[in-house]
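Both complexes shown next keep chain A, but they swap its partner, so chain B is in the first and chain C is in the second.
And then the complex of A and B:
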């Protein structure tokens, strides 16, 4: 359990609900893919080779500290239980593909805003997370760690194609910049398809968070750059920030319009969502996400003045199946989980109201 | 009119060949999205990989195209003689067979890029819309090549063999006349990056527009 925060802490610092444009943009993420030129790539590594890569990267990370002077902690994947691994995925600290690897490790900063996946699809994937729309600061942090590693590890780099990644879809910068956005207004106004098309036409991709394909739970979407070659890191990030700022503007104006047009009807939906969340005794993950999205909209529109945005961010992670099991400390069945989820939500709402009063 | 909802105009036309016969659907954007035909799947990592494999296949060097879901095994008509010299059969460093790469899209080591450079080039260009890295480089990374007429391997003698098995339009030929523009764009992009780094946003905007105009052609 050494790698995880104190039980009950669903919130990494980068998910506290603040940061620029946090009424629409929950978090920003930067990922840099890197490989060593003198070792086979993960798909062709045998066990001994994989162990050697983990050891080299862990050694290279030694001594590196984040801005507050704290080092990264390296945890081997096989030191984590399957449940703990799933929790790491739900907290976005690593990926489903990574925790499936037989040999691998994860390096984490204390505040969980910097992580390094060792032996995911690539030898190294540096990941930096930040609250709200803060791609640029996250990029700077990731590049700082990359520069430190580049002095100790022989990155595979080509004059023409830049960083040579395992999959050629990531060559060049090896950069994937993503933001997690909450779009309840655009969803209610049936404008999501149009938004996704516009993003797609501008070299960006959007997908539902936690959902597969076009499905989205809780009106949460992840937007990322599609191409990694041919544009400098700063330009990729700047273009995305511009596009996301425009998107946030559009979401805000739709919310205002909905409030003007629907008035009491919208308020009623939001208060009903609050009512169910505050009192239900059993709730599924899907229903919880749907109602939490309305709750968050109510907070942003000042319809629910007794709550803050933090409670939403906390609950979308805390009500995921694995995190819930991690909290309850037992392998619960679906029905038990629904009971546990409802009680956890009630308690969180009570705490949030106590904070506000 | 959309076949799914019957309410909105059909703007998306999906043609698909299933077990030898052609099916067609005409959908509105919303229903197409809901059915997973367009939208979030466009430009997603999985979609990019599919495009990449299609581009490789389209060059006639890969397995017979990534017909979605069809498990075209290694036995399925490789156009390339097995064990062909560098640029072809296997990566000399890690032993990855090109056929395996054409199926998975995953390379086996850094040297695979050199071994398969000729096949990779057009496919990389197709999915990224660019052929040249701009941005950070590691301290020991090789500097950008001075001139643009430098498509390595493609121009080298002896590699005609790798094109021989492929379609007659060798990808290298089409790149020729555009080289000066490509070079100019690369330089502008470098300047743009510098401008952004130095927070000269007005210059950056001007450079961006200039690049956009050049790449629109």
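And then the complex of A and C:
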């Protein structure tokens, strides 16, 4: 694979589709952590051992094809520049912890909806992504790949504990199910703290767009299951889908109420956000996220009929620092990035309007 | 005259033209204060006396025609609603002091470049308006009308003191020459205090757009001669034209310097102003003036090639509270005016862009 193929487009195909509840739920993600019982766990692997794990997993993936009959392509991390690695993270195809590894690889399906991190925290992390609220289909796809790998690789599996992982929090199913949700209404109504508490009480955690420690830029939150132990995968996913469906319902009703109560003021905020995005000559990442969130709210509330939701999904990735640097083709400084970001947003909005007209 | 004819358009024809130095000087105005020696001065007029003055001046104006051969039309103040009077003030066709009078009238040429206030502070105030820096032509036109009236009305004129006026500051020539200038560059460079001091040292005063006490909304300033006594009209006007020409030169060089120094940041501010003006759904008068000033600067610096200066001249009048109320056809509240103002700005920008394309 050319190292540059994947970072080239901001929008993976799983982000283009609408999917169920896509007015609130941007995407669903399933991650399964797996390890081989006959190799040391990653923290204890030496270089030769690590190379051997990469080779074994890559070999085990050979011949496997996704639902459209296409194989995964494996790229070694050391074949990617630091910038390209960061772009992969911004596209959610891998994790910050993974791209920091000295030895490791990433396997990707052509539509980027299936990825396998080799030597992240565990030997193998299978990840399946889907548009909207589709945890169950994503889980099914991940389990199908898991089953195929299990025929070739000796998973570290204990009859009592389940899958054994590097970090005890993943022991059991090895499952992390998560959704990315857009909650501009609840944020505007100052209801986010209450939402976080409810999620926490129901065994889920929420954090900002790019994982732990990141702020909730653009009113985007990743909601995940907190525990992987003691319940079957299907049950975990079903409970979570139900909770997210309720959350989406709550967000929708707040949006409607805000529209009724604020009326012209809300439309004004949304149109001003559009006006700035469509015309600014430089814009920071933080301001862009804030305004893009308003833009997306305006699209969902049919206040901006000239745009579709796709432009938002594309821009929240495309305006991230590394992706921008990748586009500028050089190590651009912050000021240059702000200029490039503004220009990219203007162009994307023009394209979106051309599509609509 | 239908009382509504004049307020109907935001842009008097003298505001449409370009005129000399129109990148800085929006308009020039000459006002001549005159009184009749055989009638009490306005503060001492009773109602019957006031009616007699209105009738005599209206009669004296009969038959006079402007350069395009058209007569002045006389409208009594009591034929105008309070709102219509305010619109006349916002269009600079009369003054706040004039429209407060119980008895009085206003004579207007069809293109609104010549107006005669009957019973403002003096019996007669002749006013001539011109686009750009054209004090001399405006003075010539005012003096031609003055000469015609002098044949029919006995001006209070003293060989030593000159024209006698109600307020001693107008004694002599009775002349007030003023220009409206747009100084966004000097404002951005914090040079306005220095400019005001220089003007003051040269016998001129500067104030905001709508006369004494008003703030300098939109970086628009009215510059006037401070004294009417001791110099001939031609000399007063010539000195002032020279001073304003220098001021315009200074404003231009500051603009160029800002463009070189700020570059992308200035373009960004201007395009954001455009973005908000072109898309906001409600906007206050103060914000509109601030953003329109940036818009005009962008037009003058060729940063906004899709617009012409006319749209700015039109909007600074059309977005004033009374003009907006006039357009809404009712006594609109502040919120309603903000919505109407935003809608009017959007429409004007769309029209301007259609003209350019």
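The definition used in the following text is that the second predicted complex is superposed on the first by the 345 of 357 C-alpha atoms of A that agree within 3 Å, B and C clash if a C-alpha of one lies under 4 Å from a C-alpha of the other, contacts with A are read in each partner's own complex, and residues count from 1 in each chain.
What we mean here is this: contacts are C-beta pairs under 8 Å (C-beta built on N, C-alpha and C of every residue); 3 or more make two chains touch, one makes a residue touch a chain.
If you're wondering where the values come from, they're calculated on a predicted model, not measured in any experiment.
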**Message:** Contacts for A:43 in the overlay, against chain B (first) and chain C (second): which applies, first, second, both or neither?
**Reply:** first
**Request:** Return first, second, both or neither, reflecting whether A:64 touches chain B, chain C, both chains, or no partner chain.
**Result:** neither
**Asked** Once the shared chain is lined up, is A:204 touching chain B (first), chain C (second), both, or neither of them?
**Response** first
**Complete:** chain A contact check, chain B vs chain C, more residues touched by chain B
**Item:** Doubly contacted residues of chain A, that is, touched by chain B and again by chain C
**Value:** none
**Request:** Spell out the residues on chain A that touch chain B in their complex, using ranges where they run on.
**Result:** 35-41, 43-44, 121, 143, 146, 150-151, 154-164, 166-169, 171-173, 190, 192-194, 196-197, 200, 203-208, 213-214, 226-235, 238
**Request:** Could you pull out which chain C residues touch chain A in their complex?
**Result:** 264-265, 267-268, 271-272, 274-282, 339, 342
**Message:** Using the touch definition from the top, list the residues of chain B that touch chain A in their complex.
**Reply:** 29-30, 33-34, 36, 38-45, 47-49, 52, 94-96, 104-111, 113, 120, 123-124, 127-145, 152, 189-190, 192-193, 196-197, 204, 208
